[in-house]
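In what follows, chain A forms one complex with chain B and a second complex with chain C.
On to the complex of A and B.
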């Protein structure tokens, strides 16, 4: 790599490419028993790149209006050559991306990689995760099928629970009082323009910070990392990364080919919500919780309280590096680790119940 | 007086305030129209107070159907005894569209398992309020649902 750069004086005169090449040549990855978790960020990035590619392809045929959206997706699935594959890849990769991001986020959390000076890396990462969920939510409506219609109705209604600005927020999301074609066009705009723009900026910051700060070594593995030689990123770690990506591509292609994403029925705003309706798996634990919260808690509507509680946990999660100051001084914070496990257990149990308990009561 | 005033604010900080204020005004004058643009204009809806919800003989006892009431769904129910009842079909929990369940003999919302009895009262599950009830009037073949004022 460095020799080819040295030979080409064209780029050296125009860009400090030697410095960049030098930086990457010196980049290393610490070796310890938790090293495997370092692959998850790159894995998330890989699925994101798939999303960009397949998303651009879907844009060629998709039409974002209530009258034509469902039919255009049907057209992609049945008439466009490999259209079913492109759409399935986009849907499956979205799910795998959220899963990879989730594992990445929790592993970072347990390894306390958010401690000084990596607070901004954590905050940008959590915001990127929220953006991934927003991509999932806005993209879900675009085929304009029954499930999507009610999911969007409930999801946007949840936004209206926010104190003071709730109703304005609902109007902003729906483009009116109801979920209509205006909502579809709006969420399409968010999905293909606003969210990608925000994601690109945050992702740039996130990756830049990771490069500048280097890999964090978890406190529990510091002794081991000090004994073992770090692995040069070029080419050894990158090669391993690529093997992981190849496996991911294989899994993704198999899922997309064997279980093509269903389209369902076209949305009818004047039909009842179908029995067995439930959101995508990453929203399932919130959905299940909303079912169990009683209608009234003291003087407040139960769902308002539940939704506000989820919002507060989200803010807490974002601010973790500023709340958990102990690891910087070499101390261990049991409470944060316990919180992480409780959160995982809660998500797992609620999701499992939603899958196992029959939906028609 | 004037000299005193000018000597208290340096030329530098005057320019800073001037530029900062100008930048803030510019940002505000850009953001204000953008924010206003983002909020959708209110589209006037003809206020509808009654609608034909169904035809006589269309519904068997112990069944129900969803009908359009303006831009929102309503539900017409025929009770097991053969009476007609009409409600808003918008669940009071998170606005899903409810349905009549003949096996429960009452109204049910599929989204978060909310139950309502045949007077619209919230029986069970997360819905916090009863469904809005409409008055039912049969004129000839038509069953009207009328909003109670």
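On to the complex of A and C.
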């Protein structure tokens, strides 16, 4: 391929194709015992591309109004050829993408890959992760079923506890006081226009930075990486990536075919919320934590404090590279690793409780 | 001084409010409260009586002088000159109550919705006939059903005439063999009713829409429904069945033969929940009570059973196919909607049985059969689609696996090349 391109003077004259080809030819991947974690970013990208492809196909039939949304998804599921598969792939791939992004993010965190000069790569990555969660939240309502309706009601209510701007934020998200067709249309707009636009820009920056700076070698593997020569990305590492993607595709196809994503009942704003309602798994630990916070802590509302605390943790997480200034020198940096493990344990325990302990409300 | 005057007005006003809720004080109450059991009981019961709460006193029924001033003087309180009449005789009770209850001018002051024709109805009832024409004082008079000094509104769940309590109230006499001796009617009715579909709905499920004794027999005009009128009684609630029966070929012969319409097949007090088995020639087959085996009527009944059974089994098949597909994760809401429409048609067909014309039933039930067939088709298609998806998944898996393995082998070969290249380099 590259030789054909190289031979074609048409392209060479109009595009710095040689420079790009040269860059890829020289691109290498450091080899050490943590090399396995380098696959997760590509895996997340793979699921993201599936999201884009299936999302565009769903757009051909989906109608974003309270009157027609549920019926249009039902139509996709029953009448459109392979519509069920496309919707099921979109839903499953969304969850796998969040999972892959989460593992990628934590592996980067523990390997301290956010060290200078990769601070911006980390910040853009964390923002991309938040965008993935926003995609999950905005997409959840689109089929306009009972579960989605009430989950969105609870989710947007959480926004209202933010001090000062809370109520305005709620109105902005809902397009009114209640979750209505206006909310659906609005979240649809975020899901297919605003978020993709932001994601494209950030993803471009993130990938560009990774290419420009090359792959980070974790401090604990520096000696190993120095002993072993780096692997050329093309074609050796890319082929390994492809094997991973194929496995991911197999898992995704099996999940989508064996457990098609349910549609449920059409949302009825006048019905009472179904019992034991829970958000998607990636929001579950926050939901469960808010339940345990007492109603009042000193003079503050417990829920407000909880949400503010999550907000602060989010900001802290975003600023990790600027706070952890000496990651390779030990000392203070050890606390960041401890924090990471505590965070994982906290998320795991809270999510597990939410699944195992019967819900009382 | 002004203040005291205001307090006095307020106090009197309050007294007026309180008076509307507690019995007005009278010589009768003052004196009877000091008496023993039997003579104290009316006063105790009177505390809750609806009449007392509406400001009436004992003298309204018993006459006499209720002024508390004469409480120490029984002779003055119970003076015949003051109209004292003591305990009213049983025969006079209906008219005594009617003195107020038949007077719209009086009743509308308390409860304008209350009818005032109770005495007129009572006169037409079996109870009224026996009382007024035969002088039989054993029959029920107003106080037997409503009580005497502790009368409550019929809407009060503690009232003896509240729907849930009516069977027990009627049963006090009608289930008592000794009391009913000589009247030529059985005492099984209440026990039968208790186990009937109506009794279960009312007494066990506390469904106030279910009929109690008075809903079929009338209350003040209580009388057993005649042969001709029984369909009207049942038809008040089961209007479609009654109307279809009225137009059916069975209506005429039933009347000629003196057969009671609904009751002949369904019974009266012990009505059980009707099932399709009533049409089953190998089961209860109600038709066989009159129609000889293999006669036209017998065949007609058997045919109706076949139609209902076919519809039911089609719906059942659709249910199991669609349910199976749904459990496997298929989207089958359309098929489920069609099944629920077919269910509605089955209910309609069960009502249509009362036309007693199998050809007519076949025509009207066709819509339900068609719907069920459509749902069966959708269920089968969903299961086929499921099969197709699984096969598709299997094929895809094989391809993905094969490519992955091939790629993996290639990676290993390339790795070796690269290692060797590295060694050379």
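By definition in this document, the second predicted complex is superposed on the first by the 351 of 361 C-alpha atoms of A that agree within 3 Å, B and C clash if a C-alpha of one lies under 4 Å from a C-alpha of the other, contacts with A are read in each partner's own complex, and residues count from 1 in each chain.
One rule holds for everything that comes next: a residue touches a chain if its C-beta (ideal position, glycine included) is under 8 Å from a C-beta of that chain, and two chains touch if they have at least 3 such contacts.
Everything numeric here is computed off the predicted structure, so don't read it as measured data.
With chain A as the common reference, the superposed partners chain B and chain C fit together side by side. Once the two complexes are overlaid on the shared chain, A:162 sits clear of chain B and of chain C alike. In the superposed model, A:344 lies in contact with neither chain B nor chain C. By the document's definition of touching, of the two partners only chain C reaches A:239; chain B does not.
In the superposed model, A:270 makes contact with chain B only, not with chain C.
After overlaying the two complexes on the shared chain, residue contacts for A:209 are found with neither chain B nor chain C.
Judged by the touch definition given at the top, the superposed model places A:301 against chain B, while chain C stays out of reach.
More residues of chain A lie in touch with B than with the remaining chain of the pair chain B and chain C. Fitting both structures onto chain A leaves chain B and chain C with a minimum C-alpha separation of 8 Å. The intersection of chain A residues touching chain B with those touching chain C, taken from the two complexes, is empty. Across the complex, chain B meets chain A through its residues 38-40, 43, 66-68, 71-73, 75, 89, 93-99, 109-113, 122, 125-128. Touching chain A in their complex are the following residues of chain C: 329-331, 333-334, 389-390, 392-393, 396-397, 400-401, 403-404, 407-408, 410-411, 414-415, 418, 422. Residues 150, 153-154, 157-158, 168, 171-172, 174-178, 182, 269-277, 287, 290-291, 293-296, 301-303, 359, 361 of chain A are the ones that touch chain B when the two sit in their complex. Per the touch definition, chain A reaches chain C in the complex via residues 74, 77-78, 84-85, 229, 231-232, 235-236, 239-240, 242-243, 246-247, 249-250, 253-254, 257-260, 262-263.
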